[in-house]
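After this come two complexes, each holding subunit A, first together with subunit B and then together with subunit C.
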Partner chain A sequence: MVNRILVGAHYGLKDWIIQRATAIIMAVYTVIFLVVIAAVGPDSFDAWRGIFANGFMKFATFLFFVSVFYHAWIGIRDIWMDYIKPDALRLLMMIATAAVLVGYAGWAVQILWRM
Partner chain B sequence: MAEMAIKKKRPKNLDLPTIRLPLPGILSILHRVSGAAIFLLLPVLLWLLQSSLASPEAFAGVKGIIGHPLARIVLFGLIWFYMHHFCAGIRYLLLDVDKGVGLEAARRSSKIVFAVSIALTLIIGAKVLW
Partner chain C sequence: MATSTMQFKIYRYDPDKDNAPYMQDISVEVDFALDRKLLDILTRLKAKDDTLSYRRSCREGICGSDAMNINGKNGLACLTDIKDLKQPVVLRPLPGLPVIRDLIVDMTQFFKQYHSIKPYLINEGPRPDRERLQSPDEREELNGLYECILCACCSTSCPSFWWNPDKFVGPAGLLNAYRFIADTRDQATNERLDDLEDPYRLFRCHSIMNCVDVCPKNLNPTRAIGKIKEMMVRRAI
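Showing the complex of A and B:
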């Protein structure tokens, strides 16, 4: 049964694919990150900072964050759709979720490029 | 409304003590719980990352926070949640491409997910938190 009560216009297969694509990106980054950590063993500030000063890791980390936020948007929205029945509250939670995640994306840029 | 149509008579089994959630079911609910928990802790994680990269003093401060017993418990739980979500997520991706779909295979792969995610959590937790 397809239940189309108060959801965005662009959902369904497209979101399903994006959730999988972001999952793959995050999984690959997780492996890269663990390998880098194991190789560098960042005990000092300089070693730790050096990881994210590296151009490739900076880009990969940013890509990871964008994936987390988009993936979380789809996942959390699905959870609201399952459990929150009153339309107004459901819409409010979706807007709050999206707002917070967009904010995090800006914050992540700031962390990575102003460090 | 759409709800009306599905509120017809359907068989119910409310004898709850006789219902047992099999391992793949536990894996599934933990996948949702872990995804939600990581989402809720995102601001804390971003703040920790920001501080750890800001200055040598702030880096030392983050190390101190991570060393606190309460923070250790929370972060240990978070590492486990992440590793569970990561391993269970890969299992779902494989199921999506029709790998391991049978009942026996699904049971076996959920055991692997628990074993691997707990092992990774212990290794990473020991490395990072102690």
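Showing the complex of A and C:
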């Protein structure tokens, strides 16, 4: 096969918006988290657990982790697109990245709902 | 007469003679009453050693021929004041493009990207008797876009262009793309946006603004790219 330059996948806008939206979610959550920690001043595991037993904090923390992983997916995929030139290796690294991040998301949920 | 000696370090490479590029140390007698711009010095050097190769034409920042890397920053030799330059003045070819000889680079890839955005008005409507009119406001939008001289200072200072010169349009091409997207006389807005909505062609830009930093015409490709993205968002929601 002739190695032609292939562009025109017609995506990118959605990821670009999501990367910005998730950045805002992470920034807002960071403020909420710091305020809550300052207010509660958790000095024991039970107090720490109490923070995440709260429904709103569970929701916000879950949203934060989903944002982190989606944001990381776009960022790391961009790095692979820039630096990993062999197509097969790039695809493999993208799949591995997605698999690790999905695994992390599941792990985060498990930890969060155990609290 | 305010004369003094200036030190230069110039990238030299003649593929017919040299095995590898090297930096040549040169000192030049400069007459500050006559020599104002870096191109004046290069002209003096060329008179002494005519093997030194660089592109030049208009010598007044219009043709965009004498773009080079000056003390680590891309710029036009003809617009660079010698008084402001730290010595030794290090001159290298534009980064990221293949070197043909000395300070001359092969711009094929750069112009391929420029041509890929269809840099001409597309309008299938009936030809008007005299001209296609614009309101002053519509015309105002083209300011800061049409002035691009395609010197390649911006694209060759962009890491995204270094890594993917074959796939990423680059700041110069994208600035020109927006010049036609913004033009009310052009009818191919949707096709142009479709063409750029691509992870490589447009979205390799991460807004680090190297392009804005180096543009010798003080244009702002990052803002133009931002406007393209904004139009895509408005189209999508």
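The definition used in the following text is that the second predicted complex is superposed on the first by the 104 of 115 C-alpha atoms of A that agree within 3 Å, B and C clash if a C-alpha of one lies under 4 Å from a C-alpha of the other, contacts with A are read in each partner's own complex, and residues count from 1 in each chain.
Rule of thumb we're sticking to: a contact is a pair of C-beta atoms (placed from the backbone, for glycine too) under 8 Å apart; a residue touches a chain by one contact, two chains touch by 3 or more.
Computed from a prediction, not measured in an experiment: that's the story for all the values here.
Visitor: Identify the partner contact of A:107: answer first if only subunit B is touched, second if only subunit C is, both if each is, neither if none is.
Guide: A:107 sits against subunit B, while subunit C stays out of touch.
Visitor: Please work out whether A:39 is in contact with subunit B alone, subunit C alone, both, or neither, and reply first, second, both or neither.
Guide: In the superposition, A:39 touches no partner, neither subunit B nor subunit C.
Visitor: Look at A:49 in the shared chain and tell me whether it touches subunit B only, subunit C only, both, or neither; answer first, second, both or neither.
Guide: first
Visitor: Could you tell me if A:81 is touching subunit B, subunit C, both of them or neither one (first, second, both, neither)?
Guide: Once the two structures are laid over each other on A, A:81 reaches subunit C alone.
Visitor: Return the chain, subunit B or subunit C, that is in touch with more residues of subunit A.
Guide: B
Visitor: For A:15 in the superposed arrangement: first (subunit B), second (subunit C), both or neither?
Guide: A:15: touches subunit C, not subunit B.
Visitor: Quick check on the output: what are the common subunit A residues between the subunit B footprint and the subunit C footprint?
Guide: Dual-contact residues (subunit A): 5.
Visitor: Where on subunit B is subunit A touching in the complex?
Guide: The touching residues are 1-2, 5-6, 32, 35-36, 38-39, 42-43, 46, 49-50, 52-56, 59-60, 86, 89-90, 92-93, 96, 124.
Visitor: If you look only at subunit C, which of its residues touch subunit A in the complex?
Guide: Within the complex, subunit C contacts subunit A at residues 160, 163-164, 166-167, 194-195, 197-204, 206, 229, 232-233, 236.
Visitor: Can you tell me which positions in subunit A touch subunit C when the two form their complex?
Guide: Counting only subunit A, the residues touching subunit C are 5, 7-17, 78, 81-83.
Visitor: Please name which positions on subunit A make contact with subunit B in the complex.
Guide: 1, 3-5, 20, 23-24, 26-27, 30, 34, 45, 48-49, 52, 68, 72, 75-76, 79, 104, 107-108, 110-111, 115
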